[in-house]
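Pasting the structures here.
One chain, chain A, links the two complexes that follow: it is found with chain B in the first and with chain C in the second.
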Partner chain A sequence: MIIRHLALRQGRRALTSQPIRRWTRFFASQVDTVEASLQTTLGEIRKVEAFVNSRSDHPVSPVDADPSSTPDNDASPEENLSNLGSEITPHYQPHTLLTNPPSPSDITLELLLASGAHLGHNTSLWNPGNAKYIHGIRDGVHILSLETTAAHLRRACKIVTEVARRGGLILFVGTRAGQDRCVVKAAELAGGCHLFDRWTPGSITNGQQILGNCRMKVVDELDREIPDFEEQLLDRSVLKPDLVVCLNPLENYVLLHECGLNNIPTIGIIDTNADPTWVTYPIPANDDSLRCVQVIAGVLGRAGEAGNKMRLEAASQGEVTYQPAQGLKMPAEKKDGEGQASSGSAPVSELGFLQTLM
Partner chain B sequence: MKGVELSTGFQRAVCSVCRPRRPRSDASKHLVKRIRYPVSSASFSTSPTRRATDLTPASNRGIAAAPFSFGGDSEDSGLLKRVRVVPASPSYFSGKPDFTDSLLSLQALLRKYQTLPTVPAGQAPRVAWKTLAQFRLSLSEPVKAAKYHKIVEVLHRLNHIHPSLMPEEVLEALQKHKRDINPFENVANPRFIDGYGRAWGTGRRKASVATACVVEGEGEVLVNGKTLTQFFGRLHDRESVIWALKSTQRIDKYNIWALVKGGGTTGQAEALTLAVGKALMVHEPLLKPALRRAGCVTRDPRRVERKKPGHVKARKMPTWVKR
Partner chain C sequence: MGRYDFRPLRVHSAATQLLETQRLRAEPPWYHVVANIPPSQPLVRPILNAAAQSKKGKKPSRMFQPMPIKYPEDQLRREFFSDHPWELARPRVVLEDDGKDGKRWEWSRIEQEGRALDGESVVQRQLYLMKRGGPEGQPMSKEAAYDKARKEFYAHRHQDEVERRVAREEALHVGAYFGKSALEIGMELEDKSYEDWKVWATKEAMAVQIQSQGGSLTTVDDEDAALDSEDPETVAALDEVEKSVPNNKKGQDAKGGAALHP
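And now, the complex of A and B:
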């Protein structure tokens, strides 16, 4: 029975299969067939040309089969190649992230993707708290959702802007190797403080011991330093940041813990292996890529710059956008000098000095 | 009764859901307009300072009358309403702001002038930077040695900029970190043979100090007015005194007249080695390599090691006794 079925099936297939290739194929090379097909195509085109020419008044220029007579090939190779590579297309220049960082309006998924913000860690290293930020897995590595990253980054920018507008003290922290320049640049833009070295534990909770010798100053709404408050500042308690931006939360748990104890809001870059509950406002992104970190720090610095600009504009119109420092008294013997300063005519030396900070 | 209770209960429920109809006075509207800090009073901050700033105007509005202004110091209080306290340096939270600022300024300077040509390594002018202790004293900040080394590295690189192209601001920055006295500019006084054909040399060893006067002669030696055999009983010490001459085979060509004081016999003899060697170098400067090989140039810096507490001598421990 089986043999009968086999014969039936194979016989049917043998009958319906393609006929054996033409015997001329054995004598024809590949070039011959290509040339033959070209000739048939050309013949068809000529027919169409003749048809069109017979019907219309404007004759169609005939198609030339010989490629060697095209106008491009008449020029010398020098003329053809002279412009090669002279047009520089936009490309990645690493230093521009430090010299001219992007602003919050430049946040695009393309920028984040180009800077590698989406690359997380090996799936075995993940923190399940980051599940909502993760887009998927590729090659055993978690990929962060860049839409979430962009949204969180924009939110963080708004926070930084608003804190800077209200005269808050923003501290940028990035203690990994190579992060110092972007941290300093961001602090310079935002008019805040920077920390690229180790965070001394207790700088907030035990600040009087650790920061007691660091100098403070009193500034007015236009950021001009007002002298003669030094004696009062000696007795004053040390400053605490109003917002902390941490670029590597994994290494700075102590800092974030102290901020939590003192109700200081924190912004942090949360990679897939970090705990998002350590910071108040996480930015899910790749904290191991220096380029990504520079993009984020630069954007936040620009946000702070915008906030400072708003504050100074309001101040120039006589509006104070922050709560003034409390517990200060006017220095007794210098009342006349202060009256001049308050009337808005600061000496040139003071104006020069205010550029140093804030 | 039941109907009345039902209606009042319904009224109460409606009241609880709807907003209470309380007419706002014009004064309160005016007050709301005057608040400058755009904080919505509905948001409640857990931060004590923030809460104080948020709720103070609201509580004033609700309970107490507006604070009185007694006039007089209106201008000053106007200033005090506009001031805030900020760190003097952006490196405030590093705990060493002056150090961090100087490091950053030096690094910025190096970046600015990175492309200037440099002199080959080792050909830059020798500069003694401030020691760590001096640097700490100038800043009064707890700077660690490794951190200060970062500054010194940048200074070293800046010092290698070609002197003919050295910018003025780099010179100023380097000057700040230099020691007041450059020890590399110290040059030893040149020594001469005096009018009597004498060359003087001084040597020290342990607690002894020796001065030797070497003149051309027949090989006579006088130490503190005595001959070598009278002054030194030990043969090795006698050899040490004339070792500079013996190793260069010039025992019968020079006379030595020396004064020596302090220390013991070995120290005095080896102090004389150095003194004679230095004086001989004045006569024949080309002998310096040979004298160095013979050990007549370098001062031996070893001194008696101090005794330590808990030890019998410098290192000897008391004998261990069971109980």
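And now, the complex of A and C:
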């Protein structure tokens, strides 16, 4: 019975096995078999290639083609690998606020929100005079209304543009740590003065004593310096700014007070704990965030740049957009061309250098 | 002059008066600019809390106070983070790129491209599900939405964990060395301070013992221990002095000393 079962189980396997193949292998060598299988595989792959090329728009290159002639090997490794890896989307780069500040047309609520302009101070620190600018309370902090901020910032931009167009001297002040670079950049763009360390008290009200030794120069309508005015400038009172932009009014009360005494309009960033009556044109925003301050300073600098550009364009077409300085006479004619042109009431403007302010 | 100084706001009218009285010879550059673009009216207190104006039981004095800003997510957020407080301990990026980050996300799935999965994802996903998460875009109940969003979150966290573990194992297999773990470093520090304490405590205990024995410098046990030494030099020295030391516990009597100097 056991033998019968064995025959039933193993007999099937013995029948399905291929004794013929063993016989052929006995006669064939190993090398011949590999060569033949390679040929059959290549033939199959060519068939597949032909099938793919007949169906698809993108033909595949033959598998046994010469590798040196394929286009991918001609390209450099950088070109081959450049489309690999993750894609880097445009993202916030802090330095661009200083190297390439946004212009007034770039003011959007998203920009202000991303720069944190809406964050005020703790509710217990608020100045009720700022109620108009406040949107609500979130986590015990007053949130400024960004619509108000944008509106006031645009208004301030217009003021800066127009004052720059009329040849006014604009002073940018930001005396907190880290504000220096944006203040300098804004002044550079607007062609004004900057202050980033400390306001010397009395520089406006007692300017003759404090800034009396500073150099002053006379320029023509294209901002070229005109020499030989030194004698006339000796007994001239020192320059005062025509517009002051203050990025941290809380620390610069003395400056703002002096501006008020001397009828100089001021623009300032007013946080929820600052007094909005200290400045003429408040910009309700977060003065503690450096990003926000850089955005505002950059925007105002760009506004000044636009005003200067308009002034110089008008000047190049022979139009002067401002009143000439009072009480200056053209020095004795030395150069014939300029002397003739400006012998009468020539448009001589007075744009000064307040050296200590710089 | 009252409490406020309004001179900064009245630069234009002041300049006009000075020009009229000839104290200013020429118009300053800003004169027409400020006239055309006047400053906004300051110190205006708009009604911020309209409810306090009309409703009974609300103080009218609250009328001018700013109101708290509330969003529907607030309650969801509170519940999630009270259930998962350690989610707050994970580092997260709070920097905004351009302020439009919220517009790029679409909460029909919990994973967003370019945004790390965190508790806020669950809150936003739950809010989405509560609006249109049910079959055929029907609103979902708050609890069901929370469960669904939460479980998706767990699944992702679990997968992350497994991936991290496998990556670590692979790295270890090919020869990476990660140094000591935080727990090992902590245990070492703890052991070290315990050993330091043991040294200090032994010293203190010794000092207390010495003090309690009235300042006696050596004990009998110590003496015996010294004499039991196997050191050949000590043995030789002992042999040398053995003759002069009486063979009893008391030892030699003092000769002189107190008797000579009463």
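Everything below uses one rule, namely that the second predicted complex is superposed on the first by the 248 of 358 C-alpha atoms of A that agree within 3 Å, B and C clash if a C-alpha of one lies under 4 Å from a C-alpha of the other, contacts with A are read in each partner's own complex, and residues count from 1 in each chain.
Here, contacts are C-beta pairs under 8 Å (C-beta built on N, C-alpha and C of every residue); 3 or more make two chains touch, one makes a residue touch a chain.
As the structure is a computational prediction, the values presented were derived from the model and not from experiment.
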Figure out whether A:136 sits in contact with chain B (first) or chain C (second), or with both, or with neither.
second
First (chain B), second (chain C), both or neither touched by A:114
second
If you stack the two complexes on chain A, which partner ends up touching A:263: first (chain B), second (chain C), both, or neither?
both
Once the shared chain is lined up, is A:48 touching chain B (first), chain C (second), both, or neither of them?
neither
Going by the contact rule set out at the top, does A:320 touch chain B (first), chain C (second), both, or neither?
first
Look at A:278 in the shared chain and tell me whether it touches chain B only, chain C only, both, or neither; answer first, second, both or neither.
second
Thinking of the overlay built on chain A, is A:166 touched by chain B (first), by chain C (second), by both, or by neither?
both
Output check: A:34 vs chain B and chain C. Expected answer is one of first, second, both, neither. What do you get?
neither
Share the list of chain A residues that count as touching for chain B in one structure and for chain C in the other.
166-167, 263-264, 322-323
Taking the touch rule as given, give the residues of chain B at its contact with chain A in the complex, in rising order.
36-38, 45-48, 50, 53, 73, 75-76, 78-95, 97, 100, 104, 140-141, 147
Chain C to chain A touching residues, read off their complex
4-9, 11, 14-15, 18, 25-30, 32-34, 36-37, 39-40, 42-46, 48, 64, 66-69, 95-100, 114
List of chain A residues in touch with chain B within their complex:
166-167, 169, 171, 184, 187-188, 192-195, 197, 199-200, 203, 210-211, 213-221, 226, 233, 236, 239, 241, 262-264, 319-325, 328-330, 335, 338-339, 341-342, 357-358
Chain A residues touching chain C - in the complex, by the definition given at the top:
89-92, 108-114, 123, 128-129, 131-132, 134-138, 142-143, 152, 155, 158-159, 162-163, 166-168, 242-243, 256-257, 259-261, 263-266, 275-282, 322-323, 326
